[in-house]
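Next come two complexes, and both contain chain A; in the first it sits with chain B, in the second with chain C.
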Partner chain A sequence: MITALNLLRQSRSAMCGLTLVLFVVLVGVAGPMFLDSPFAMTGDSFHAPSRESVLGTDDLGRDMLARIAHGARVSLIVGVSAASVSAVIGIVVGSFAGFFGGFVDEFLIRIAEAFQVIPQFFLAILIVALFGPSISRIVLVIAILSWPSTARIVRAEFLKMRNLDFVAAARLAGANNATLIFREILPNTLPPMIVNTSLQIAGAILTEASLSFLGLGDPDIVSWGQLLYNAQPFLRDAWWMAVFPGLAISISALGFNLLGDGLNDILNPRKRGQVR
Partner chain B sequence: MSKPFESMLRYAARRCVVALPTLWLIVTVMFLLVQMAPGDPATFIAGEGDISDEYLAQVRSEYGLDKPVLVQYGVYLSKVIRGDLGYSFRYRAPVLGLIAERVPATLLLMLIAIGLFAIIGVLLGAAAARRQYSSFDLGLVVLSVCGWSIPIFWFGQMLLIVFALTLRWFPTQGMFDLRSPSYGIGRFIDALYHAVLPVTALGMRFMALNARMMRTSMIEALSQDYITTARSKGLTEAEVMRYHAIPNALLPVVTLVGMNIGTMLAGSVLTEVVFGWPGMGRLLYDGIYSRDYPLVIGIILVMAIAVVVCNLITDIVYAFIDPRIRYD
Partner chain C sequence: MRASQREVSAASAQGDMPLLRALELIVEFPVPGRQPVRAVNGVSLEVNRGEIVTLVGESGCGKSVTVRSLFGLLPPPGRLIGGRVIFDGLDLSGMREEQIRKTCRGMVGYVFQDPMTYLNPVMSVGAQVAEAMTGHARSTRNPDARDRICELLSDLGIGDPTRVLESYPHQLSGGMRQRIMIAMALSRTPKLLILDEPTTALDVTVQAQIVDLLKRVQRRAGVGVLFVTHDFGLVAEMADRVYVMYSGQVVEEGPVRRIFSSSRHPYTRGLIDCVLTTGERKESLRTIPGEVPNPRAALTGCRFASRCLSKKSQCEVESPSLTLEADGQVRCWRASSEIESPAIEAGGSGYPGLVTGTGASWGARNEVQAHSKTAELGRPAGEATIRVESVTKSFPVRGGAFGGSKALVRAVNGVSLEIANGELFALVGESGSGKSTLGRMVVGLDEPDKGCVTVGGRDAAEWTRNRAMRPMCQMVFQDPYSSLNPRKLIRESITQPLANFGFAHDAKSLAERAAELLEQVGLSPAGEYLDRYPHELSGGQRQRVVIARALAPEPLALVADEAVSSLDMSTRTQILGLLRELCDAVGLSILLITHDLAVVSSVADRTGVMYLGRLYEIGPTEAVISQAKHPYSRALISAVPLPDPVKARQREQILMQGEAPSPVNLPSGCFFNPRCQHATELCRSTEPQWAEIEEGHFVACHLYD
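Entry: the complex of A and B
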C-alpha cells in the first residue's frame, strides 16, 4: 500500500486523478447515508441553491445533492463493473490469441476487429432501445463493446513474451499451458492493463451518462445522465439542475482519465502520453 | 498513368471490396438483435402505439414473419440493399426519406466541427510540442484531458445557459429564425449563426483529442534525425516545421480523425438533442421517445454504414499521403 502510494507520487497527474476518484467514492459511499432519499420531495420545486438545499431542488422539489450523491454510486458501479467485465473478456481472448498464435490468433483477432468496426455507441443505443433499459444490461452492453482494446493490449504483450527465456524455463520445468498463461505471462501484462482499465472506467461513465441523457437510462435508479435529461426542459428556469450533475460526471471522468495517464507515465516511462 | 498511381488505385479498390463484409456484418447483427429482442418482431417493424391489426397483419406477410428465420433474413437483406428501411408509422413516411431530409443539417454541424476544430487542435498541439514543458504546453495538456472528460451534451447545456439564455448572444434552439430570409445566402448565414454554439460544443472534445495527439506525434517527429539534417543544411525554423516536422507529425492525426468519425457522430446526436438541431440525431431521439422502432433501427443502420464508409475513406487518404505505405 505504502509502496503503491510512493509510486503514484512520481506523477502529479496520477495523484490529482486519485484525489478526484477518492472524492467521488467518498460522496458515493457516505453521501446517501446522511442525506434524504433521492426520491423524497423535501421542499419547494425549483428552489435555487440555498442553506436548506445546498445544490437546489428539482422540478418535483427533490434535493439535488441527495440525487447527485446517489448518482455517484450508480456511476461508480457502472464504470467499475463494465470495465471489469470487459477486462475479463479481453484477458481471456487476448491471452489465448497471443499464446497460441496461428489459426486461433487469426480467428480471435478477426472477431475483435468485427466488434471494433461496428460503431459502439449506436449499437448500445439499439440494444438498450430494443431490449429495454436496466442497469445490468447497460453494464453488459458497454463491456461487450469495449473488450477488443483490452484484448489487443494483452495479445501484444503475450506475443512479445511467449518466446522469452522465462517462459521456456517454466515449460521445461513441466508447466502446462494454463500455468504458463495465467501464472507466468499474464501477471507481466498487468501494467498496461491497469492503465487501460482506468481509462475504460472513465469511458464507461461517459457512455452510461450519454445513454441516460437520451432517455435510455434505467428508470428505477437515479443516474447523473438522467438528471441532465430531466434538466434539459428547465435550462431557462433552473440552471442548478444541469450544472451540478454535469460537474459530477466531469470530475469522475477526469479523475479516472488523469489516473490512467499518470499510471501510464509511471509504468511505461518511454511511452509518455501515448495512450490514445 | 504512372505505375505508383495505378497501384494506389488498386489498393483503394481492394479496400472497398474488403469493406463489403463489414457492411454485411452490420446488417446481420441488426437483424439478429431484432430477432432476439423480447416481444413481437412485428411491433419492431411497425412501431408501437396506435397501430391497427390490419397493418400488423400486412407487415407480417410483407416481411414473411410467419416463415422460417432464414427467409425473413433474406427478405430483410434484400430490402436493405434496395434502400427500403421500412415505414415510420408516426411520421407516415418511408424511413429512408425521413433520414435523407435530415442529413444536410447533421452534415453541416459535423463538417464545421471537424474542419475548424481539427485544425485549431493540430495547431495548438504543434505549438505546444515546440515549447515542451513550458507553461503553455502544460496548460494545453491539462485543458485537453479536461476537454476529453467533459460530456459533450453537458458542455452544450452550459454554453446554452451562458451564451444564449443569459447573455442572449446566440439563439437557443433550432437551425433557422422564422423572421430571417427563407432562401439564398441569408438563410445560410442564419443557419451558421444558429450553428455557433452546437459546433463549439461538438468540436471541443475533438479539438482536445487532436491537440493531444498532435503534441505527442510532433514531439516524436522533432526528435528524428531528418529534423537535425534539415536544420544543419541551413533551413529556417519555419521551413523545418512546415516542410519536415508538421507533414510527418500529421500522419497519425489523420488516422485519429478517421477513427473518431463514429465518436463525432455520437456527439452530434447528443448535441442536436441539446440545441434542438433538426438533424439525424434529433430524429433518432424523437424515434426513441415515441418508440418508433423502424425509424430507430433505420437511423442506426445508416449511421453505422456512414462510419464504416468514413473509415474506408480515411484508410485510402492515408495511403495516398503516406509514402511509406506499400500497396501490394
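Entry: the complex of A and C
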C-alpha cells in the first residue's frame, strides 16, 4: 500500500486524480450516513443554496446535497461494476484471441468488431427502452458496449508476450494452457489493464449519466443524470438543481481520467523517469 | 549557431589541446525518497585528434552513462552534477543540454548498440540520413544531396545505396542498420565519433566487418573515436589508448600495448584473462568471481577490494586515488606489473560452481535405450542421447496485405547429428542459420516437417501430446531477462516444474528441493535468492536460476541457445564452466548454440558449423577450429577478435562479403557459394557431399571432393 502510494507520488496527475476520486468516494460513503434520505421533503421548494441547505432544494423541497451524495454512490457502483464486468469479458476474450491466434483469434476479434461498429449509445438506449431500466441492466449494457477495447489491449499484450522465453520455459516446466494464460502472461498485462479500467470507470459514469438524463435511468434510485433530467424544466428558475449534479459528474469523470493518465505515465516503462 | 561554430574553430586553432577533455565528471540518478545513485564518480578522460580511445569494463560500471553525459544526452532522470567538458577548445560546462547539442551538432557523431531503437521506423532510411546531413528530410529529392548521401553509403560498404535509401529500417538487417547509423554519425564530417557498444548486438562475422569499416573510416577521416565496449578482444583490435572503468571510476589508463603486456591494476588483468579466444583449451576458462558493487550501497575503500586477491587491510578502508605513472594512470594501492590476477579457473576450488551429490538422482538416465538405427554422420563415441535424423523445418510467412501469397522460410534443411551422454556439442552459425529452430525441435517446442528428433530414444515432442510425459531435454535461453517471469519469485519459477512433474508435492519438500537446485548451480546460500524477484538479480545470477529451473525435472539433455552471448566476459566463462561441469559430473548432454566460435573452443567436445539450415562441417572442436576446412568455418574463426594488440594488427582477416541471404530464397548447390571466394560452377549447381577429413571430422565442400 505504501509502495503503491510512493509510486503514485511520482505523477502529479495521478495524485490529483486520486484526490478527486477519494473525495467522491468519501462523499458517496459518508454523506448518506449524516444526511437525510434523498426522498425526504425537508424544506421549501426551490430553496436557493443557503445555510440550511447548502446546495439548495429541488422542486419538491428535497435537499440537493443529500441527493448528490446518494447519487455518488450510484455513479461509483455503476462505474466500478460496469468496468469490472467489461474487464472480465475483455480479459477472457482478449487473452484467448492473443494466446491461441489463428482461427480463434479471427473469430473472437470479429465478434469484438461487431460490437464496435454498432452505434453504441443508440444500442444502449434501445436495450434500456426495450427491457426497462434497472441498475443491473444498465451496468450490463455499459459493460457489453465497452469490453471490445479491453479485449484489444489484452490481445495485443498477449501477442507480444506469448513468444517470450519465459512462456516457452513455463511450457517446458509442464504448465498447461490455462496456467500459461492466467498465471504466466496475464499478470504481466496488468499495467495497461489498470490504466484502461480507470478510464473505463470514467466512461461508464458518463454513459450512466447520459442514459438517466434521457429519462432512461432506474426511477427508484437517485443518480446524477436523473438529477439533471429533473432539473431540465426549472433551468431558468433553479440553476443549482443543474449545476451541482453536473459538477459532480465532471469531478468524478475528471478524477478517474487523471488517475488513468497518471497511472499510464507511472506504469509505462518507456515513460518511467520522465514523469513529473 | 553559425557564430558559435566560428568561435569554436577559432579556439581550436589556438593550442594543441586534446580534442575532448572531460574532467571529474559526476553523474547522479535521483531516487525518490532515497539518496541519489552516483553512477559516475569523478571520471576524467581525454581523446586526442585522430586517436581511438576505448572505455572498457563490465556492465554496470557506468561506461555508457559517462559518454552520454559528455554532450547532454543523459537519459532522464540522470543529471551531470559536477565536472567540466572541454570539446575542441570550447568549454561546455555551464551550458544547458539543448545549447550543448546545438553547439556541437554535426561535430560529434554517436552510434549506439541497437540501431533499431534509434532509427525512426516510419521514415525511410534515406530521409533520415538526409536529415542528419542537411537538417531536412526532404533533401533526398535534391539530386545534389542525394549523390552525396549515396557516396557516403557506398563508402560504408553498402553495395546498392539507391535501393537502401528507399527502404525502411525494418527491411534492413542489423548490420546494415548499424552502417546507416554510422553514415548518419559521419554525415557532417564530425571531429569526434562516440561508439557505444556498436557491435554487441551483431553476429561475429558482421562485427568483424563493422570493426574493419570503422578502422578504415577513422584512418581516412582522421576523427577522434571514443569506443565503449565490454570486450577486451575488440579493444586489442581497435584501440590506441584504453580507459578501464570499474564501478563509476577509471581504474587504469594507458596505451593499448602496455595495458595488454603489463597491466598494473588487478581488474584490468582479470578482464584480459577472461577473454575467450579460439585458441584456448578447456583448462583455461577463467573468471573473476563476484559482482560489480551496487552503486546504491555505501562504498568505502577500494571498490574492487571485494573481488581482489591481493588486497591489504588498507584497501578495505581507504580509497586509492588515480596516480600518474610512467605510462598511464592507475588507481590501486598495490599497483605493479606483477600484481596477481583476480581471475581464477572456472571450475577450480573457491569458484561458485556445480555442487554434485546433493540428492540429484538423475534416475531418468536409466531410461536411455539403445537405438537400433545408425546415422552415418556426426556420430559420437558413446551412446547417443540426442539423435537428429535428416530433419527439415520451414515456416510460412505472410506476404501481401491480405495474407494471400505465402512464402516459406526454410529454416532447417536436412540436418543429422547425434550427441552422446555427457557430451557438449556446439552448433555454430550466424543468425538465420536455423540453429535456434533446431534447438527448439530438440526440446520439442517445435516439431520437424520431415525427419525425426529423439531424446533418450523417445520422440522429442512426445511430451506435448502425452500429459503423463515430461520433456527429456530442457532449455537455457539467450536472454536471462526475458526467460524468467518478471512477476514471479525465484522460488515459484523453480518449484513450478517440480510440482507439475510430481518431483515433490508438499510445500516443504518443494522448498527443500528448490534450495538444493540453487546451491547446485552455485547460488549459495539458496535462502538469499529464493524469495527475490528476477530484476533483483544480476544477469549471471539469473542465468544460473534458469539453469537450476532447467535441471529441476531431471532432464537427460539441455539445449543452451546463445545462453552466454548476452553476458559479460567474466560471467560468460562462469556459465560456460557450469555447463561443462554438468556434462562431466552429471552426464548431461548439452547442445550449445552460439554464433561465437570463441565460446565454443573452450568447452565443447564436438562442434558443428551450420549455414542456412544445413550443416557444413562437423568434428572434434579442436580439429574444427585449428584445421577448419570449410571456407565458411574459416571465416567464422577469423572473425573472432584476438585479445592481443600486436597479433590482431598483423593477421590477415578473412572478411566475408555481405550477410547471409534470406532463407526464403535459397541459392542452388552449396548454400554458401554466393559469399565464397573459392566458389566454382560446380558449387553453384550441385550440393557437396560429406567427406571425412580425419576420424570424426567431416566437411561438406567441393574443395575436398
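Note that the second predicted complex is superposed on the first by the 268 of 276 C-alpha atoms of A that agree within 3 Å, B and C clash if a C-alpha of one lies under 4 Å from a C-alpha of the other, contacts with A are read in each partner's own complex, and residues count from 1 in each chain.
Heads up, the rule we're going with is that a residue touches a chain if its C-beta (ideal position, glycine included) is under 8 Å from a C-beta of that chain, and two chains touch if they have at least 3 such contacts.
As the structure is a prediction and not an experimental result, all values here were calculated from the model.
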- Task: Determine, under the contact definition given at the top, whether A:Ala170 touches first (chain B), second (chain C), both, or neither.
- Result: second
- If you stack the two complexes on chain A, which partner ends up touching A:Gln10: first (chain B), second (chain C), both, or neither? second
- A:Pro187 contacts which: chain B (first), chain C (second), both, neither? second
- Residues of chain A touched, compared between chain B and chain C (which is higher): B
- Message: Show me the chain A residues, by the header's touch rule, that chain B contacts in one structure and chain C contacts in the other.
- Response: 273-274
- Which bits of chain A are touching chain B when the two form their complex? 13, 114, 117-123, 125-127, 129-132, 202, 206, 209-210, 213-216, 225, 228, 231-232, 235-236, 239, 242-243, 245-246, 249-250, 253-254, 257-258, 261, 273-274, 276
- Within their complex, chain C touches chain A through residues 32-33, 75-77, 440, 443, 445, 467, 470-471, 474-475, 477-479, 482-487, 496-497, 500-501, 546, 549-550, 552-553
- Item | In the complex, chain A residues that touch chain C | 6, 9-10, 164-166, 168-176, 184, 187-188, 273-274
- Item | chain A partner contacts - residues on chain B that touch it in the complex | 22, 25-26, 29-30, 33-34, 37-38, 44, 141, 145-146, 148-155, 157-158, 160-161, 165, 209, 212-213, 215-216, 262-263, 265-266, 269-270, 273-274, 284-285, 288-289, 293, 296-297, 300, 303-304, 307-308, 311
